[in-house]
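Take a look at these structures.
In the two complexes that follow, chain A is the common piece, with chain B as its partner first and chain C second.
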Partner chain A sequence: MTNFHLRRTWMTAALLAAGLVVLYFPLAWMVSTALKPLSQAFDGQLIPAVPTLANFRAIFAPGSASPVLRWLGNSLLAAGASSLLVVTVDSLCAFALARLRFPGRRVVFYLIVASLMVPFIAVLIPLYEEFSGLNLLNTYWALILPYGANAFGVFLLYQFFLGVPRELEEAAMADGASRFQLWWKVFVPISIAPMVTLGLITFMNVYNDFLWPLVATTSQNMHTLTVGIALMAIGQYSTNYPLLMALTLCSVVPILLAFIFAQRQLVEGISTTGLTL
Partner chain B sequence: MRQPVLAFPLLLGALWLTAGASPLPAARAKPAATKAAAATFSFWNSGPDLSTLVKGFNRAYAGKYAIHYRNIPYANETEIVNSALSAHHGPTLMEESLTPSAPYAVEGVEVPILPLLKMAGIDPARDFPASMWNRTTVNKVHYVAPVDALPTVLFYNKALFKAAGLNPNTPPVNQATFVRDAKKLTVRAKGQWGYVQEPAWPNPFLFPSLLAQFGGREANPATRKILFDSPAGLAALTFEHNTIFKWHVSPLNASNGEAHNLFVKGKNAMEMTGAYDYPIYQKALGNHLGMAVLPVIGHRPADFLGQNYWWVFKNPGLTPAVRKAVAAWFGYYYHHSLLLAKEGTIPVWLPTLKNPAFRRIAGMPVIARAVDTGVLNPLIPNWGTTTSTYLYANISLVLEGKSSVKAGLHIAAQKMQQEMATLP
Partner chain C sequence: MPLRPRKKGWSTQFPVKDVGAWRKRPGLATGASRAKAKGTVSAYLFVLPFLVLFGGLTAYPIGYGIYISLHHWNPIVGNSGWVGLSTYAELLFDGSSLFSQQFWQGLGHTVLFVGISVPFLVAVPLIIAYGIYRAGGKSFFRPLYFFPATLSATAVTSIWAWILQTQGGAVNQILGMHLPWLVAQPWAWISIDLVTVWWTSGFNMIILYAGLTQLPKTVFDAAAIDGAGVVSTFFSVAVPQVKPVLVFVGIISTIASFNLFAQPYLLTGGGPGFSTSPITMFIYGEGFNAMHMGTAAAMAFLMGIALAAISLGQYWFARGGGQ
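Here is the complex of A and B:
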């Protein structure tokens, strides 16, 4: 290796290392604060002077007034079920819009895409009234159904389905496949990577959502982790930052695991759809 | 082909599990204690947690009255309550800070609270501090009653006072002694400040305190006239400005939380803020923590009161029996306020405030004195939002040296006056 190449390698490594530090420093600070008592939360030290697990003990103490594990379970359930639902509904919708010919197809597509422009806060009260009218507030339905279909997923899969060769479709039809079978036996198997990507993104969005679960759940047992964290650590005038960081750290773990397990499909999905996270 | 085949049963299973046949206990099931009660009502609270006291009430009145209690995050009260009210699912009793009650009163969705208090045997003039009861009307009607108070106080570090040759038991009592002490306590070589004036927080506590001390008011709720750009307002903000730019006892551009952080580290000798910091300061400084009523920076003692109030929403479920239940809860709450005081909630019930047992609780005598001289925000809809957007944003600019005191207050007042015209 020439000196020039060596220098370039070292420069690249140094830049990447600097980027890594910038990216991971907040995470390190979160871990550090989670290991500090409240009185030392702002001591400015990355390494806690006297590390303590008291914040984690407070979270998982048996008989604790705040059922953190229950909140975590609710979040995982809502996020998991919503992901499955959104992948199914969006895939069917995208398939119809991309591959079937029917009047008004383009109008429907643009209407769906236009809904991306409507901020959630604008539909909060109508959505609440809808679920209230159906008597579904404070149920798991309320934590799942509103996420059950989204324009982003339809758009993502629509783009992918447009790229599927027409010959594949014609061959399946020649073999006597119905339209549903065409979707189920041809399009679904070849779109696993983007569907996993969509599922994972939905999982993260639902898992991290705060406002809707906050409004739609009234009992402590139905709260999700994000709502529980806000209730447990953020006070009217002051916030227990070490406890907040410990709770946040616990909440990051499932997302991290989801990433680790779906990493291959995620990378594949990103490369096939041109999506950026 | 295996994964897609699995997707449907998985999806159906997940929905079945989560929605209908969850092994987790049904969330909508009401607590056993409330099932048999003759009158039940919902109570949403964004202040200090009252669930233990509510449980006690539900036990004490089992079979007669019951409360469905819900804690909501303070920062998201508006979204939660407004969504619920729009769907006629709002709470019967709501607890929040004072000014969020104003829009509901103006819109006519609250009931007058005096009859309910009377039903509970409470005479507000006799039982509540005047500072917490007077000036809490909308169109001359009382819709709210105080729940707890949180005055602005002076915290100081006794060890730093001693090291500076000051008497740790005589904190400053007026502007002159405050500035004198702050100068002595500022040791730049050690990174130690006599006082830390942040541009942002805790101005929602400090500025109204100083304004009232100089004889001013933030606004007139009856006419909606903005008044904080008065000579009193100028004097109040000039004092804050001078601590940074004239007397140099406070650092320039202190970041959010810096006063607090430096105080905990023993690098900030004095802080004027809400009493909510008392528990953490007590833990951090122990016997070195001093707490006193605010020094009289202006012409008379006054301090802003952080506070929580409750009000009752008009709804079809507000039957005479429910009214009795709410009144019973009021009585139960106020009569248990000594218990809450021991856990750190500052009572607004005069019999408790005068109780010797209350006065023996660390820090409480100072706080009780501060409640006497407390002032509240004007009861004007959206006061919190508009002051954050205009008044406190402009005060920040002034204290960052980006605007003059006069211009800052003038611009804020002008914009807020325009905003007042859009309110219900």
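Here is the complex of A and C:
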């Protein structure tokens, strides 16, 4: 009986491992193609016969048609700044909703519920016109601010703050702390884990976003990595797959590093938020 | 600081889905009314940053979008004349209008994609989650299966556009065939579907796995004692027991699939012809290429209503309306 079940377990694990081979084949092919010269791109070999870094050299060469490092910088700046903005603004708002009593709280609460239901596509055109009217297209403001109104994060932190024991709050208030100090010295330190989760999810969403930076940036220097590569792929690289795969690989590496560093936090965060929301 | 025992009269643990729980909370003990008024002002200061961002970047654009949709609107000159509700009437009812044909065609493609993607986006992650649950090794398998979900649409589509090339693409080389993956139907839809499942299954898997771990272990033990194997336990125990999480994943996948844009935009260009152009691509095309922003805003508003209805269903479900 036990042996039978053990064998079933190993068979399941073997199937899962086989699934991983299929799942990672496209990524392996990307790496392989990125290391091939154009003349061997179509040879059908997973291991390049003569691996070369020429594609990467071409991408990073001065005067290259694709300012990858600039795009990467734009993406990292937009994603980093929006994550900080979202975490700060949402934490303040969630604290007030969960722990303070004030007239209109109910209105604020239902505004946030309602805004969870607004799909981005419904505000795409007016948001573009708004930023266009303010002359803010092709600026970092356009790449950061639209991600700031994040109702999901308010909910996440609100749920967390509801569970914080009252005694912590009363002890701080008895010491004469102001509400801001209460938030900063008590609620922020104990909510580091959900704030990191929120920050990571926001970071990945912004770093990977496509539609908004596609319309909000028209100058090549202001593109994010996703938009820059997409426009290159549609344009001049469409037949030079080794170059395109090298470019794509460059865009994947930062997210891979972030993932290795934070995968546990991210997976656990999605596990809990997925079940609470 | 150690957690002390709870005070009598109220709980520190609120049911996570009870979003109305704030009503039961007593406020801070503020004695004098002056302190109370001061407290009210400071409470507003806490919510102000969010409200400013929400007002400027969600609420105002919704109103502005409706305003745009009631006008002829060109991105260069802006407002060029009031048309009232005629754009909406044209989109919905005028079969001879090109805009209306695009709207219904795009909506049809979007609904088709929801139909062909959501079943896979629920079933494939559930099978993987169940496999990991049975086989163990979650700290190995979970992150590896999840990783593709962290990639950008651009990275995913440029890789797949290359390996799905008819001539010289890796998939056709392995199959020894010349299937027109991206340039003919029904292959174009199959490719978009395949790429989406490859890309986002890991995310749903994490949620379904969490759902499985919340089940009492006894239900699986009971099945094992009855001599049920891995596969029969999947159908007799895992699927029915985890059904609420399956419905949740189904709803979030429906919303995600309804927003389909980048995969056809970058993989097939919406083609062949317009056969893989979802409603979002027509909105984008009318707004930013054809410069008919009023029409695009109206299409987007109608799509927004459809999506909000689905989200409302999700909210209702999350609050236990399905029970």
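By our rule, the second predicted complex is superposed on the first by the 203 of 277 C-alpha atoms of A that agree within 3 Å, B and C clash if a C-alpha of one lies under 4 Å from a C-alpha of the other, contacts with A are read in each partner's own complex, and residues count from 1 in each chain.
Everything below uses one rule, namely that contacts are C-beta pairs under 8 Å (C-beta built on N, C-alpha and C of every residue); 3 or more make two chains touch, one makes a residue touch a chain.
Keep in mind that what you see is a predicted model, and the values were worked out from it rather than measured.
In the overlay built on the shared chain, the residue A:38 is in contact with chain B alone; chain C does not reach it.
Touch criterion not met for A:181: it reaches neither chain B nor chain C. With both structures placed on the common chain, the touch criterion links A:192 to chain B but leaves chain C unconnected. Residue contacts after overlaying the shared chain place A:215 against chain B and chain C alike.
Once the two complexes are laid over each other on the shared chain, residue contacts for A:80 go to chain B alone; chain C is not touched. Of the two partner chains, chain B and chain C are each touched by A:129. Within the superposed three-chain model, A:144 lies in touch with chain B and out of touch with chain C [touch as defined at top]. Put simply, more of the residues of chain A are touched by C, taking chain B and chain C as the two choices. Shared contact residues of chain A, touching chain B in one structure and chain C in the other: 42, 44, 88, 121, 124-125, 128-129, 132, 211, 215, 227, 230, 234.
Residues 5, 8-13, 15-16, 19-20, 23-27, 29-30, 33, 41-42, 44, 88-90, 92-93, 95-105, 108-109, 111-113, 115-130, 132, 145-146, 148-149, 151, 154-155, 159, 162-169, 171, 173, 178-180, 183, 204, 207-211, 215, 225-227, 229-230, 233-234, 241, 244-245, 247-248, 251-252, 255-256, 258-259, 263-264, 266-267, 270-272, 274-277 of chain A are the ones that touch chain C when the two sit in their complex.
Chain B makes touch with chain A in their complex at residues 1, 3-4, 7-8, 10-11, 14-15, 17-19, 22, 24-25, 27-28, 46-48, 51, 70-76, 79-80, 82-84, 86-89, 97, 150, 257, 260-261, 264-265, 274, 276-277, 280, 283-284, 306, 308.
Interface residues of chain A facing chain B in the complex, by the touch rule stated above, are 38-39, 42-44, 65, 70, 73, 77-78, 80-81, 84-85, 87-88, 121, 124-125, 128-129, 132-133, 137-141, 143-144, 184-185, 188-189, 192, 211, 214-215, 217-222, 227, 230-231, 234-238. Chain contact summary for the complex, chain C toward chain A: residues 1, 3-4, 6-7, 10, 12-14, 16-17, 19, 21-22, 25-28, 39-40, 42-44, 46-47, 49-51, 53-54, 56-62, 64-65, 67-68, 73, 75, 78, 128, 131-132, 134-137, 139, 141-148, 150-155, 157-163, 167-168, 170, 173, 198, 203, 206-207, 209-211, 214, 224, 229-230, 245, 248, 255, 258-259, 261-262, 266, 280, 283-284, 287-288, 293, 296-297, 300-301, 303-304, 307-308, 311-312, 315, 318.
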